[in-house]
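In the two complexes below, subunit A is the common chain; its partner is subunit B in one and subunit C in the other.
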Partner chain A sequence: MSVASVPFSFSRLSLIAGNTFLEAVRQKLFNFLLLLAVGLVASAQFFREFNFGSSELKFIADFGFGALIFFGSALTIATTAQLFFSEIENRTALTLLAKPLWRAEFVFGKFLGVFAVIGVFCALTIGLMMALLWHREGQLMEMRPEDFANGRLIAYGDLLVVGVLQWLKFGVLTAIVLLIASFSNTNLFTVVTGFFVLVICHLQYLARDAWGNVDNPLVGLVVRALGFIFPNFQLFNLADQVGQGAGVSPVVALQVAGYAVAYIAVIGGLAVYSFRNREI
Partner chain B sequence: MSQPVSAISIQGLTKDFSVTLRGVKLRAVDALNLEVAEGQVYGLLGPNGSGKSTTIKIILGLLDATVGDVRVFGVPAHRVEARRNVGYLPEAPYFYRYLSGRELVKFYARVCGVSGTTLKARVDEVIDWVGLSGAADRRVGTYSKGMLQRIGLAQALVHDPKLIVLDEPTAGVDPVGSAEMCELIRKLKQQGKTVLITSHLLAQIEDVCDRVAILDRGKLIVEGSVLELVGQRDRQALIVDPLSEVDLVALRAWLEARGHHLNAVEQPRARLDQLFLSKVSRPGRPGGASAGVGSNEVPLDAKP
Partner chain C sequence: MRFNPAALRPFRTGAVVTLGLFAAGVALRPLEAPAWESIRAGQPALRLESLKDALGQGVTVGLLGGFRAIVADLFWIRTNTIWEDNDLPGTQTSIKLVTAIDPRPHYFWLNGSRMIAYDMPNWRIDKAGGYDAVPEAVKRRFDEEQSAVAIRYLENALEYHPEDPILVLEIANVHLNRLKDHETAAALYLKASQHPEAPFYAARIHAELLRKLGRNAEAYAFLKKLHPTLPTEDLGAQADVVLGRIRELEEELHVPAAERFQPRPAASPAAVAP
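So, the complex of A and B:
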């Protein structure tokens, strides 16, 4: 007797993504996200007395992105690990994976669900930050019109581009945490290892700068290999250029986005491979 | 194919778990051979830790066999296609507590490819079938153990599978509920489904199963049809009104004269579960079809 094969299905994948997102919504994760975003952006207001004119705007943008990067990373690691292990620890994965479902659909479904949750956080934070900037810029324009002879200083489009790139970076981080979770037994191990890898990804450029040109070819090779295995998260920090004449080059932005997508695909693929051998 | 394929075919199945860091192995299933023919209700019995759930998980492709060949309707169990025709209720089931019962069944139905116009009808049908209509819109997180088993059965049946695997479906369910569970299993059999079931309630297994296998420490020790195994063909029971001592002596003599022997005289007793079933009433649920489900729910708008 031959049974029709089960093709890979994007609708099953999106069902799982949707259910993962719904879990975050119904477990009240979003109330927390909203509070966090409002709290972060509002705290930038405390530095109002600086009143340095246009540099105050730059400060708000830097502060906003700093907060986004820091809390976004922490949130990505914790959310990914939590939404993955809630399925394993509550043994709901047992019922789900006993359905005609590919493990790849499960892993990428989880990925998309978490990615959407993080997307909401990014959109909230960036949106609130832009609203605050716009409001403050309007006030400053009235106070000292001479500084704003050429209209608004802040390039809001660039802020948006950098925000999207940060979101993609969190996507890479999500894939990394899923890869760790696919073979790890506990939530805690996954979170701790995730933070460890995050630090490596942020700091690996230091190693490359310091040792990349050392004469010893072996050390050079190892450093370059590490730089290849771990994505360089520093590449995504285009925020420095925001609002400073040059702006963000679309070509660079696209290259960075492509870099993120390539890493997501490869690391996600590894996660699927490792999860396929996992005993539930 | 000329020969009919078994619903489940297990040949030489061995499963080892490494249980310590030094790689010491625990043999959970040991050289198991088993055939479950289509249309049978098959009971898998054995003490705790004898490897029943492990065998089931291998059948469902959740675990990989260490050695051996496991097929579901002829398809190797580790392939995704093998799970097309299978519904599974895990032991001590636990579901997404943030969904309502209906949402949960709908989610699994869609994962199994039920879609379009049949989706809603099918979801309502199975929920009704397991007797959960009254509680379908409550969060699964608020369900009792018995209700979890019912919703678990609903999700296992929603895509109309040919084989249904139930791991301890009556654990933690009250006698009324487990009698109903047996009734549902009998109905599944009438519909031509194959059912593999594990349970520690042997009386119920005996009532509902065609064949049973008993495992002990991963090894198959007994296998056969229930009638073959426990039927006593050389014995018969007569149940009569109370006899006086004189009548009893006469009866014994009458039997002896015809070459029979009166083996035992006992006072028959109703089984405790029969007593329970006849005494426990479920208000507002005539026919008992939905017993155990929100029976003491008070409508919020019905203020006294």
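So, the complex of A and C:
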């Protein structure tokens, strides 16, 4: 039975996703990075001595988001590449794809499995950070009630929104790594390229800033095109807005979420296209 | 040799993927642009001119990872270590690097500018042979040069914290304490005092500088306008001190008793005493 003769199946997709999720949580890498991130967030209070600039609560929030973004990015790239290539290297991909299974089901199944694992990571890290902030804010409220005349200072809803947006950013990163893996021959190449693309996506706004200052029109055009090819990851950098002014605007949060979902669909689609053209 | 179209497949795939990404970038720009404008407005650190000083210093990963605050804190500790060695170029570079990484906290701007304006002239005098050996004109030149650097640094801070009264006050302090330029300092203290979040002392110093400049009538008019705005219950407002200065100026300006300033009834009893 050929693939063309069977319709796209969400149950097959969810089977692959579930299996990917189980495989990922059993990995030492996931547990190791999760422990590191959780440990770092939990120890944020002990780093207060190093804090000169911002307020204590803002410092803990910054530190927590730092751990989430740093270890989350590492986990996303490494896990996606490892899980994809384990199927290729163990030849299970051959067995799977010999059956009536769409390559789109395989790629999006992998995506959803990794996305769910990253979701667990984000939920645990953000949950711990919020608990820590709540606890410390409570202590400070008892010590200096005059500073909390209008109630709690931290907008916990905003923290949650920023956490969800970070999760979506990791979703875009997962799709990017799957796209790279779809044509790459080795796990190492995928991981290294994934990290480079992560850096480019974080800094592409600088290229967009700079293109107007480039004298050579051809170079300017290339720089401008690069600004369109790579998604702008600084867009998800809303953690700075937490606890400042009006906080995180719901409209902006929805726009960023829409941007992420659209990119996941497009890059995921391109990964499927690229994977279909690959000889396994 | 026959042409094999399959050989072109990787190139075709690459081209389709690149074009697809480009098209997505163009199509999603209308969704991204308003959100990006809003996020950027709230985060002045997201500027090319801000980050270019920090890139290539081994901090990029820290910044990308979101550890902006902790990376800046660690670099501030390093700045203090360099400062202890009286290393002028090293300290100056390190101060600028810290605020390039995290321009949000006032702490770095204020303390950095104080190192530049107050400490560094002394280092230069020491290096030039000490206080006894260096002529006054040279000392003055060191003060002026370092003050200029500090003022430029603080003006850069104002780009991230527009109209911030604390930063304007710091510039005024440099003009007053290092350059002994009372005229400019008075104007800056006035500017700072007009901000709703300005500390009360900004207005008081402005009036005192007007007196030092011999503009007593102007100082008297300013203090008379200021006094009714001061909350008597706030010790920081020092309403009684301001009233005392008004009385002093009335004596100096020979204001007739009938025309003397009458504080509002709500003022504290102490404030009414001449």
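To be clear about the criterion, the second predicted complex is superposed on the first by the 252 of 280 C-alpha atoms of A that agree within 3 Å, B and C clash if a C-alpha of one lies under 4 Å from a C-alpha of the other, contacts with A are read in each partner's own complex, and residues count from 1 in each chain.
Heads up, the rule we're going with is that a residue touches a chain if its C-beta (ideal position, glycine included) is under 8 Å from a C-beta of that chain, and two chains touch if they have at least 3 such contacts.
Since the structure is predicted, the reported quantities are computational estimates derived from the model, not experimental observations.
Asks: Would you mind checking whether subunit B and subunit C clash or fit side by side on subunit A after the superposition?
Replies: fit
Asks: Quick check for you: in the superposed arrangement, does A:W134 touch first (subunit B), second (subunit C), both or neither?
Replies: Neither partner.
Asks: Just subunit B (first), just subunit C (second), both, or neither: which does A:S5 touch?
Replies: first
Asks: Determine, under the contact definition given at the top, whether A:F228 touches first (subunit B), second (subunit C), both, or neither.
Replies: In the superposition, A:F228 contacts subunit C only.
Asks: Would you please give the vertex angle at the Cα centre of subunit A, with arms pointing to the Cα centres of subunit B and subunit C, as a multiple of 10°?
Replies: Value: 160 degrees, nearest 10.
Asks: After the superposition on A, what does A:F32 contact: first (subunit B), second (subunit C), both or neither?
Replies: neither
Asks: Which holds for A:H202: it touches subunit B only (first), subunit C only (second), both, or neither?
Replies: second
Asks: Looking at A:I280, would you say it contacts subunit B, subunit C, both, or neither? Reply first, second, both or neither.
Replies: Only subunit B is touched by A:I280; subunit C is not.
Asks: Counting residues of subunit A touched by each partner, does subunit B or subunit C come out ahead?
Replies: C
Asks: Subunit B and subunit C, closest CA-CA distance after overlay, in Å?
Replies: Minimum C-alpha separation, subunit B to subunit C: 8 Å.
Asks: Where on subunit A do subunit B and subunit C both make contact?
Replies: Residues 277, which sit in both footprints.
Asks: Tell me, which parts of subunit A touch subunit B in their complex?
Replies: Per the touch definition, subunit A meets subunit B at residues 1, 3-6, 9, 11-12, 15-16, 19, 22-23, 26-27, 90-92, 94-102, 277, 279-280.
Asks: Over in the complex, which subunit C residues touch subunit A? Could you list them?
Replies: Residue list for subunit C touching subunit A: 9-10, 12-14, 16-18, 20-22, 24-29, 31-32, 34-36, 38-39, 42-43, 45-48, 51-52, 60, 64-70, 72-74, 76-77, 102, 104-108.
Asks: Quick check: in the complex, which residue numbers of subunit B touch subunit A?
Replies: My answer: residues 1, 5, 57, 60-64, 73-75, 80-86, 88, 90, 92-99, 107-108, 110-113, 152, 155.
Asks: Touching subunit C in the complex: which residues of subunit A?
Replies: Touch residues, subunit A against subunit C: 47, 50-54, 58-59, 62-63, 65-66, 68-70, 73, 179, 183, 198-199, 202-203, 205-206, 209-210, 225, 227-232, 234-235, 237-241, 244-245, 249, 252, 255-256, 258-259, 262-263, 266-267, 269-270, 273-274, 277.
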